[in-house]
Amino acid sequence: MAIEGKNEQNIGRIRLGMVGGGKDAFIGGVHRIASRIDDKYELVAGALSSTPEKAQQSGRALGLADDRIYDSFKDMAIREARLKNGIEAVAIVTPNHVHFTAAREFLKRGIHVICDKPLTSTLPDAKKLVKAAEDSDALFILTHNYTGYPLIRQAREMVASGDLGEIRLVQVEYPQDWLTEPMENEGAKQAVWRTDPERSGAGGCIGDIGTHAFNLASFVTGLELEALSADLQSFVPGRQLDDNAHVMMRFQGGARGMLWSSQVAPGNENALRLRVYGSKGGIEWAQENPNQMWFTSFGQPKQLLTRNGAGATAGNLSASRIPPGHPEGYLEGFANIYAEAARAIEAKRLGQSLPDDLLYPTVQDGLIGVQFIDACVRSSRRDAAWVKLG
Amino acid sequence: MAIEGKNEQNIGRIRLGMVGGGKDAFIGGVHRIASRIDDKYELVAGALSSTPEKAQQSGRALGLADDRIYDSFKDMAIREARLKNGIEAVAIVTPNHVHFTAAREFLKRGIHVICDKPLTSTLPDAKKLVKAAEDSDALFILTHNYTGYPLIRQAREMVASGDLGEIRLVQVEYPQDWLTEPMENEGAKQAVWRTDPERSGAGGCIGDIGTHAFNLASFVTGLELEALSADLQSFVPGRQLDDNAHVMMRFQGGARGMLWSSQVAPGNENALRLRVYGSKGGIEWAQENPNQMWFTSFGQPKQLLTRNGAGATAGNLSASRIPPGHPEGYLEGFANIYAEAARAIEAKRLGQSLPDDLLYPTVQDGLIGVQFIDACVRSSRRDAAWVKLG
Amino acid sequence: MAIEGKNEQNIGRIRLGMVGGGKDAFIGGVHRIASRIDDKYELVAGALSSTPEKAQQSGRALGLADDRIYDSFKDMAIREARLKNGIEAVAIVTPNHVHFTAAREFLKRGIHVICDKPLTSTLPDAKKLVKAAEDSDALFILTHNYTGYPLIRQAREMVASGDLGEIRLVQVEYPQDWLTEPMENEGAKQAVWRTDPERSGAGGCIGDIGTHAFNLASFVTGLELEALSADLQSFVPGRQLDDNAHVMMRFQGGARGMLWSSQVAPGNENALRLRVYGSKGGIEWAQENPNQMWFTSFGQPKQLLTRNGAGATAGNLSASRIPPGHPEGYLEGFANIYAEAARAIEAKRLGQSLPDDLLYPTVQDGLIGVQFIDACVRSSRRDAAWVKLG
Amino acid sequence: MAIEGKNEQNIGRIRLGMVGGGKDAFIGGVHRIASRIDDKYELVAGALSSTPEKAQQSGRALGLADDRIYDSFKDMAIREARLKNGIEAVAIVTPNHVHFTAAREFLKRGIHVICDKPLTSTLPDAKKLVKAAEDSDALFILTHNYTGYPLIRQAREMVASGDLGEIRLVQVEYPQDWLTEPMENEGAKQAVWRTDPERSGAGGCIGDIGTHAFNLASFVTGLELEALSADLQSFVPGRQLDDNAHVMMRFQGGARGMLWSSQVAPGNENALRLRVYGSKGGIEWAQENPNQMWFTSFGQPKQLLTRNGAGATAGNLSASRIPPGHPEGYLEGFANIYAEAARAIEAKRLGQSLPDDLLYPTVQDGLIGVQFIDACVRSSRRDAAWVKLG
């Protein structure tokens, strides 16, 4: 276990900009903390709000230099690309519908993009963004942050090494309760845009958190989806997007799965939970206590694996900062995505080839995520018919 | 809280016979213990095995009089019906395919039937059995035993009293792992008949435990199914019946649900778990630690309700024998079905009308269970099309 | 795993009497259920209350024959000893101060005694009772029932087989909360006698449940106490006996321990918990979910052992009735004491020597328990000085 | 809930130095991450090791300017105090025996000290350090970091507001297992100094983690110790300091408590756990899953309180960064101490009086901690006699 400073030669922090993440935002602050934890980034510029006044206030509160506070992401992209010490990477933390246009501006100027999920609010945008990323020399990192938890790394490694045998079953769920009542009608900012098709896209709950659950299951198992059958609901009267989703899945090779995501399940905060079962064993993990994972080798007693603890695999160890029993949480998992992105960006900066052990989600993972949302919506509109991604 | 002796006047134990439940059986012993716990029954006769030698051995081991040990259930029904002190009730604990023919023999002679689930191995048999029960003056009790847990009684009462608001979601699952490998090929008795369509019926896992899960959800919520979409799998090569089932459900009135049952999920013993969410609150309960149940009133802290503990409802209290914190388990829950059956049988014996608070599962519940299995099989054969019960 | 009928030849139930356990009592009903679960006993006589009217009512409610309902335990002892089919064993379930005089009457007439704990209310009585038991040919079984849990049997076996290495530490606790307020002042029967030195003895909480905790630790570890230091408190104003006890322990051979028992710890129902640590491993078990036990071999992942599950030892298996994942509880653990007593009583009846694998607590264990209570009281009066048992 | 930027006017980061925390150290990295999370500090100088070569390497790896890397803390104190932009605060993260001499150097030059626990390795040093802090205008912050957890803040507020009634009982424990075997003999750096009286002081386990447990209990309850009785052990042959401690406590006003700390309890990572019970209610909290806390109001169902969740108090809310259900951990709790220190340091910088709601542990708390260790050692040497702090 290493404490920060993973490279012996400190080559200076990565200069980071941010789009979105001003006052009243949620995920922007998470990205900033995540970027600081391992001391690999320095936030130096921002277009933090589409409201100029708020952009200015927020920028000053964060200690940005006056001339690095922008009122539009396009202005920021253009000017920073010209500066001698302009930003090398940008974090895009806006509502979904802005991801595509913002990301494109930076990609085409060779600025690396670290973008929140889902990739875009529409499938055509997602495909264009894949193209934009392919056409750019810059990197594209998607913050499906739950993949950064150390025990999720261990789960992936255990599946890959055959500890579970042939994978048969995936049970994944992500229930929340915060939208049990129509709080979007009361102006709660986080609720308003997430329930608005213009800003979220065609998926509500399935896009906001169902896509996290699907990504996590894919990351751990390596399985590719063959078809899905989805039944989306909107329980709260007047709500335009789904607030609950039931999905059955068939994977290539024969494995099957179920996915449940909900924002109307009272008693659930962020109860993301993954269970994977194979011919030889099973694992069970829950995000709210991410420092523990159950593993059962069929016929043997259940084992409680811990972050950085006895039986830890390489990926668990390398993604941990502190000893077992001292809990790491959401921010540290998020920071692991940033730390891996930093390793890639530093390699680029030094003209080296990329490390071959990078696991951060990419623009391709983002496309699959948007395809998943799209497929769920299509299936649900056809009475839960089986549909393929595409 | 009362300890046994719920009636002040002891009117003598109910004379009980048993069909099935000989050596090497599992559920017969459970029924016998359940019948003894509250001292309301006395086992006096048995046709304990279809193998005469085993029937004799088993009967003697249980201390039955020689002339009350039968080689066939038909002989037992005929003779006991004629005896002055013949059995008043019979427990049928055979493999599924015997339930119908055995139950019919006793019902038509006015002997009350306590039958294990599922009701029958085929839907036509189930319908005939409903008719036979309707035509008989005898009672029919189906041992969907999980409904006997005190906190399940509380859950039902809380739903009925509106503590959860309008029910929106039902998540129910029953994973096991004991059939992860093809143990039926090694002659394990419990595995052999449960994976044999001749004896189990068209459903494997869905019939053995999926039907328990469905019954439990129905018991607690009172919801009626509108349609289901099922994807059944048989993961173990050569297995004739499903060993895993994924089901999406739509209930009348708009609630939705998911049901998962599996016998190939390593790390799960009998992990039956029910979660119900409504517009005002949610409950979560797991069979392996049945003395606790979570309740959340939306916006309030989660509460841990306990068997016979603070906040217990009438049904929780009356189904409990000992103080909170001293765990009651599976056998006590099972005994609650027997205790309620005894109250009904005693009323019959005394020529009284039945108590109006009986909650034990009936032949109608059994029919619905067989319809559920049948619908899952039909749906799965049609690629998980939505089908109705019937 | 066997279901009941552990002997192939059924030799008839043991004829059981009961002293105490009438209406409003708690533990009497527990003993009766425990005696019935494995069908080894039949309750045929009782002196169920010191109030004749209550004794008669209670006897009739339990279906005893009129001439087997007694108004005093002495009458019962005398008459039953003379009957051809008189009782072979008696369960004594009165308040503590009656144990000695009642047990003596039966022992001296050769009637086996199954007695609730603690053995007696005073140390001199305990010593006399040991003598009385030694002078009798009858058996004496003390229902320190927690020793009957299957995983406690496994814990004992694992310690004995060296899985934990040399035992260093014992942490045992038994908190409750039901006496947080002075409910004895409101006439609650269970509270009144338990807080009365005349009926309970010199120990309150330490005698009622601390002695259970100490017995459990001794049973599992096999350690003998060298000295203890106790700090007893009575937090509720006006209460005559301790309602909370802190004890430090030194065992022969160098192990150390702590014991906490309390009846004033809000949020605790019957939270008996045992943790034992040695040079090679540790175990952790909690009574409220007794079907699970943690085991850690130092340096390896924690394992969750289950009742009758993977990794079960002989004692776990033989004390289990049903498969893993279907919880057994307090009553089944209690029944295991009765089942072992039955094996001994049956051997006596048949003139055989006692089985050599009996583990039920004896009169000697009872003496140690009373010595433990006495030592705690003595130590506490001397400002928690170290004292020895004796 | 606010994300960082708690002051609207960003006034520039606090310039921080560090003593200790070079390669192979553990707690130094924790302090650095904690200082970065809320972006209130910038590490600009360090005397990171007593080995010059390691000090240089470590400083460069952390990106310090060459002339701000020092080979001795005294050199650093002298030079930094003279620099126009010298450090304003220093984090001292060395083994215990260095704390006093290092802290004194900075305090006397007006540089704020953030020091790891325990305060010093001897009681005389602790008293001198209190004097040095009192004589200085600089602040002294002791990183008893567990007090920074949001739910611990809530626990303190709930006790203070009377939700638990009059406090009667404190049960606190901190078991670990990493010293179960004599790893200090194999040269493990963390083990070597912690088991060495020269560097740790007279307490081993009791000083390293027992003092954390005691501090936490004091922080939450506000109780002051009247006397303690301690039984310290050293189970591993050859070990010079205690590796296990049993302590009974009597608090002023009549409350009582037990404290257990251990480094030889296999299966425990950092299982710090606090339980507090009063006349009206109880709370239970465990560090390994710090985002949950149980609260029971006597006679009501147990409640599960969560970080930043339903029922959160002001202190819980203000110490939280992200929504409930996304776990915060050890580093965030630690960062809360740094954030509070920053508020105090910023006030000092601006010539303002200190905020009146600061809760970080002070040099006085540190003195009490060293007195506690000293009292435990004294008591244990006198066979667990009751002793007072002092």
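Going by the order they are written in, the chains are A, B, C and D; count residues from 1 in each one.
The working rule: a contact is a pair of C-beta atoms (placed from the backbone, for glycine too) under 8 Å apart; a residue touches a chain by one contact, two chains touch by 3 or more.
Not measured: the values here are computed from a predicted model.
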| item | value |
| --- | --- |
| Partner chains shared by chain C and chain D (touch criterion as defined above) | A, B |
| Selected pair, greater C-beta contact count between A-C and A-D | A-D |
| Interchain centroid distance [CA atoms averaged], chain A/chain C, Å | 55 |
| Distance between chain centroids, defined by C-alpha means - chain A, chain B (Å) | 44 |
| Chain centre separation in whole Å, for chain D relative to chain A (CA means) | 34 |
| Touching two or more other chains - residue numbers and ranges from chain A | 268, 295, 302, 306, 309 |
| Chain B - residues contacting chain A, complex | 164, 168-169, 171, 173, 177, 180-181, 229, 231, 233, 235, 244, 246, 248, 250, 254, 256-258, 260, 262, 264-268, 275, 277-284, 294-298, 302, 383-384, 386 |
| Footprint of chain A on chain D - complex, ascending | 3-5, 7-10, 12-13, 25-26, 28-30, 32-33, 36-39, 57, 60-63, 176, 268-271, 287-291, 306, 309, 321-332 |
| Chain C partner contacts - residues on chain A that touch it in the complex | 295, 299-306, 309-311 |
